[in-house]
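Here is the structure we will look at, set down as structure tokens.
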């Protein structure tokens, strides 16, 4: 396999570039995505490469961005819309939820809405309560939407390419603190990661840990530490948060009998709860040896002060503690 | 005038189809034969049918609001399919899933209604963007009501359409009310078309009960938009003679006001016009009216015979493959 | 106790009337809430009684409605805003989530936002996909908000009065299909139901059923049927969905060892998942004798056709089946 | 003119405080001493300070946007508290939770910033509603940028304020850019103040680099709003001499353009004006500048000494009791 090292940011850009080259129906829209390259520089250079016809800067009008994307998708194009920060999708929820997610169903399948909404998410940048949310749980409660959340550059590329090719509206959660992280990314033309397939990041036998986003990187750290102590953790990354491929999780829990779920977004009402519920209502409940341990972000808005913000999301230490708890080792 | 005698007859005929269709619906909802709710445009047929007819002629695309029967029929929809949808039947134009507020009829370029006030504006921008992007030479007709022009979506969409020079005509049917709210409590200006100035686009207020005027202006506006000049805002003054939705007792306005507006009913007005200008004879009009009436009767009978959707269809088409 | 029979709708109106009489800072805003009384006639007559100063009709501008409410709350008033249908809160999510829910925190407690947003929710009226949602799960993922969901007229009155007196933004879920239901409602001036206290609707020993909204009425039907067969169900209604008072649920599960959760809104990503997760991570997990059974609305948009729409929400039969399953009787 | 010599000095002094405060921030962020981000209004001091000063004089309320230091300082905020907030310290005006984008300073009627573009507009309506409801005789100053006027919130709020005749002045600092986007890509009109016509309210475009003009017009507009006439829209033309936020390399505009605008720098312009009109002497101005400079130095030193917030404070004030 032809691999190249690059950042998560570059991998996303490469996915868009390749899909734009492949399919003339793909176009980009968003605020300052041209010369400026977007607030996080993800689209940098794409205006030069593809021109103003396909890389469209918009006024600050989030509802119009999402609705315009949906209308163009309904008529045959494949828009990729960027919200400058995920928090601003609050301004586009009607277009996304009442229109993009529902037009296919309401029309009995006569239209489809192949579009992607990219959402730079998460805390950790000192940007405060209105620029740091991860709202994925909302979208995982909206039938008609799909939700992706890549954690590595390779996943970012492979999932974004699939999302662009998918014939449904896909909410694509990107993590601001991952943009600079680097990794090897396949260069094959046909490299994609299919949606709705969970991925086993690491095999193990003592306990199942489900995680994604920046929390996954901390989980991996924690699991490496624990490996030194002879604890063997299986890590599953759902990749697509909705609809979620639960089978690998069920199988793993049946094998390990213990489950820890870790994510950065607020714990209460978060996607972790849904996973815990799915396990607790499944027959793999009968295999569980101890309560499920769910670790999430604090149930507070995100503060600016560094020492406060740092507490928002779980780190490797907290995760290791959670794993000990699930193993009955605390 | 850009309309042949044949087309004028068509217009008249479709206005009557729309009128009979809606009067039938009114009765069905009143008698609780039908489930859900509906928004009728009785009295607004000149606006709805006239505008739709203009879009249809060049194969343009249309997107509608909650009160979309007139336009849908103006575009030439099959009444049986529409009526089937009102009954929530499998043969309805949305398979029974959409109902009165979510018609769709792609065959006639009709991308359907949205039940969310103002929700159509950004969709229309996107539809128009596709035309521009693919250089199809087509334009988009986007219908809205007077109440919808105070939604943020109206503002964002007209601004975006103007900056991007999108081929879209925003056609506002000003029926003087947003549900029970009279215009002066919705906004502090007289003419909605004046809002075009905020976007640097042309705007015009027209007599929405004059179907020929509506047709002519919408056609010109669509051509303007299609030519690359960008969006156009039209305000068509009209009146909803019926209640807002099935449960409206209309206590917010006087009967006198309604009666006065009934004198401006666009259908007799158009009939008079056709006869005065020697474009039709009374007999012709009578026959068209009978035909329209029959059409609705046939549609109604057919809809009633349609099976309800397969129970399992509740699960289908949430996602595309 | 002085009780009077009235509808859920009337009970809500009575709550607003009493609070408006009690506190001159309370005012109402929304579309067509005056002469028309709102789409569901909940505010009918209040304009006559309190005048235009306190009952304010708005243009169709949901974002402005929520934001204006928040701004007035920030400066000392107590607005009660109506969304004509819950679905339209999608247009006010920025004002609600980024502003109302966060200004207190961001200001370190220097401002407070005592406001209520009333959301007529749920399917069952043939109004279609864009007028039938129950979006409560979203708000239960937003720290800073509280979420109430009354099921009876007495609850409607008692909770709404508390919500209006609360010093936080409260999302008040009302159910369209409950507006006409009737029940006895206390008339005492000081009658309120405190927020964040779950309520035991019925005592029982064999199984715990958590439910709210129209689903609760179906649950009660199911439980009555099962009582005839000698099955004793304990029914708990959280009343406040966020933050939720879990203790009565934990205690009940410890007693019955079995848990069923029932709600009308979409199952996946719904509040039921959070409850299941809270139980599965709590030590009462160790008391559970069988998998948790979670019953929710279908994971689809809401269709119009009656035979399709009817399937959206669980009825007594489905609920009874779920209870049998949890009891291992299926 | 409505300003005493003493007040003119105050204005000049606060503009300099703002300038030094922001230049200090720019340096701190550059050197990565500070966490997070900031939006500086260097070059926009006449607009921000002038408008705020007008609101302050009558005890009016203010609500701000992401670029809110100038106004906050114009209202007379304590620089130490502000600087503390920039450092995310417990003694900051929001206890370290708000940062540069979420200042608040209730003592001076300053309800703070929102980091969401356009988010302040409906809040301002609500704040103004309270004044109307309680007949306080106060008005609200709501600050926005040119980019924000394309948000749905701008439209809905100005319309609502007009229909309800709310005492609020919408003050738009048009600095010709929305981040990297030049005005002509944001909208298809020249004067933002023309949008007032959509709401039937007065609108005016003024020189936003002339602090006396800003002050005078804002004062009059607030009085107009307070008198019961309803909202007023002001567009103040100005220029952001610095980058949009800490990471902006400003490749979207020419250095020449920036240099040209620096010649319009409102601070030297005001100094010249004061001297020419015999309202101050060079020595006075120099002393004010030194004082402002010292203030910031003192604030910086004090902020650095402040303890970070208690770790547990992350949990407090999510809810009121």
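First chain written, first letter: the chains are A, B, C and D, and each begins at residue 1.
Criterion: a residue touches a chain if its C-beta (ideal position, glycine included) is under 8 Å from a C-beta of that chain, and two chains touch if they have at least 3 such contacts.
Every value quoted in this text rests on a predicted model; they were computed, and no experiment measured them.
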Both-way neighbours, i.e. chains that touch chain D and touch chain A: B, C
Longest centre-to-centre distance from chain B, chain (CA-based): D
Chain A and chain C, separation of their C-alpha mean positions in angstrom: 30
Centre-of-Cα separation between chain B and chain A, whole angstrom: 40
Inter-centroid spacing, chain D versus chain B (mean Cα positions, whole Å): 46
Per-residue multi-chain contacts in chain B, two or more chains: 96-98, 102, 114, 116, 119, 150-153, 156, 159-160, 163, 185-187, 313, 318
Numbers and ranges of chain C residues touching at least 2 other chains: 59, 61, 63, 87-88, 91, 94, 98, 105-106, 128-130, 143-144, 299-301, 303
Touch-based graph of the chains, sorted into line, ring, star, complete or other: complete
Contacting residues of chain C [partner chain B, same complex]: 31-32, 34-36, 39, 57, 59-63, 87-88, 91, 125-131, 298-301, 303-308, 311-312
List of chain D residues in touch with chain B within their complex: 150-156, 159-160, 162-163, 185-189, 194-195, 197-201, 230
Chain B to chain A touching residues, read off their complex: 61, 63, 94-98, 102, 104, 106, 111-112, 114, 116, 119, 121-131, 133-134, 152-153, 156-157, 159-160, 163-164, 313, 316-321
Chain B partner contacts - residues on chain A that touch it in the complex: 27, 53, 56, 58-59, 61, 63-77, 79, 94-95, 98-99, 103-112, 114, 143-144, 146, 167-168
Complex contacts: residues of chain D adjacent to chain A: 35-37, 88-89, 96-99, 101-102, 114-119, 147-148, 150-153, 178-181, 185-187, 251-252, 308-309, 311, 313-315, 318
